[in-house]
Amino acid sequence: MLLLSPGLTHTKGSQACTEYANLRLEVKMKVLEIRTPSKETFVDITGRVMEEVSSSGIQKGICSVYVPHTTAGVTINENADPSVKEDILMTFRKIVPDSLPYSHSEGNSPAHVKASLIGSSVNILIDKGQLSLGTWQGIFFCEFDGPRSRRAFIKIFSF
Amino acid sequence: MLLLSPGLTHTKGSQACTEYANLRLEVKMKVLEIRTPSKETFVDITGRVMEEVSSSGIQKGICSVYVPHTTAGVTINENADPSVKEDILMTFRKIVPDSLPYSHSEGNSPAHVKASLIGSSVNILIDKGQLSLGTWQGIFFCEFDGPRSRRAFIKIFSF
Amino acid sequence: MLLLSPGLTHTKGSQACTEYANLRLEVKMKVLEIRTPSKETFVDITGRVMEEVSSSGIQKGICSVYVPHTTAGVTINENADPSVKEDILMTFRKIVPDSLPYSHSEGNSPAHVKASLIGSSVNILIDKGQLSLGTWQGIFFCEFDGPRSRRAFIKIFSF
């Protein structure tokens, strides 16, 4: 039999900020429905993710956002100036030109390449009930082959 | 026996699907041996990862795939049409040309760059004993400097 | 109170190495202060991350490194030959040229694009008190818009 109590946790390393696990072991899942309005667009989902974290009541943990699509992804970048996301999309079009000799018959290979460049998930720490995002950071759902009805899975782990 | 007191767990947010932690706290580790057949190739390891998840008996959790190499990586993309992975490899060769004035004496700098572009790990949620992959998603080990004997670490966390 | 009994944990899959959760459920957080010396540079933080893992006393778990900036990131790549990181930076300058018609008024759009290409976090498994890094792998803080005072969040989860 294993018994877990804060008394069992021993800490070394005076510099480290030790956070004893509280006793809740929770996993919350939410499916976000996202309607993308155009072929290529970054949809700012920061507010919706924050809302899930807030409504979960979880104080410490990790929030994972996962995109189950192969021509879309998710990234963290500046959400103060909207031109940043436009600059990223423009640069991605230069990096992955539509004119390359792609084989895939559906004609959306550039979107597949962009999805692998940007990645399919991000993880953000939760501290004091808040996402530990930097001052300028926002979470963007990245559409590369829209417009479509898309989904993102938000999973919140409490520690 | 694991006893989690629901009384400690307070849930807000009626929209969120709350999943109380089940009683097992398990971590399973598997080292996947992968023989890559050519210089650049994507090896579909979806089936092997699924097999590990299935044989673990874990119903809810997270599956992490980690590549301990610096000229290889792992990505999630379409596994229905094999031409998609060929298109990604072809585009990566355009993005990171062999002809740039690299300094690294081993001559495999393009492979190192591609590894950092694609990333060294992916995380996929497990629900009802299954990987929560999208319909068209597969997991690919990405070789950029083969042929070689490679490894991937699969770690499955149960909640 | 949380009670865990190994007797309840049933294991299938003889090939898999099953690791029963040890008794500590800990989360340790450390903020790393990083002074980047130039506009673009990779700062090797492997030693500092290893030190945190070591001083935490945690034997099994996961270490997450998160960068809260939008013109910087983190990646895992070779740290044996320093020319590899220079080659990656040089290639990124070719992939994301300064000369594109960016809109963002601050003039650092290339740095934002590079941040999304490289990613904002990495996760490394901890086994036997050590990071499960491959032989040649190191962890690099990636500065694309320095010199600046930067931060990285290290969070260590024990299982």
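Labels A, B and C are assigned to the chains in the order they are written; within every chain, residues are numbered from 1.
Heads up, the rule we're going with is that a contact is a pair of C-beta atoms (placed from the backbone, for glycine too) under 8 Å apart; a residue touches a chain by one contact, two chains touch by 3 or more.
Keep in mind that what you see is a predicted model, and the values were worked out from it rather than measured.
For the touching copies chain A and chain C, the fraction of interface residue numbers used by both falls below half; the interface is of the different-residue type.
The rotation relating chain B to chain C, fitted on Cα atoms, comes to 120°, given as a multiple of 5. Chain A and chain C have Cα centroids separated by 16 Å.
Touching of two or more other chains is recorded for residues 1-2, 23, 25, 95, 117, 119, 123 of chain A. Chain A makes touch with chain B in their complex at residues 1-2, 23-30, 52, 55-57, 64, 66-70, 95-96, 100-106, 109-110, 112-113, 115-117, 119-121, 123, 153, 155, 157.
Across the interface of their complex, chain B is touched by residues 1-5, 7-13, 15-21, 60, 62, 75-78, 81, 83-84, 86-88, 90-92, 94-95, 117-119, 122-125, 127, 132-137, 159 of chain C.
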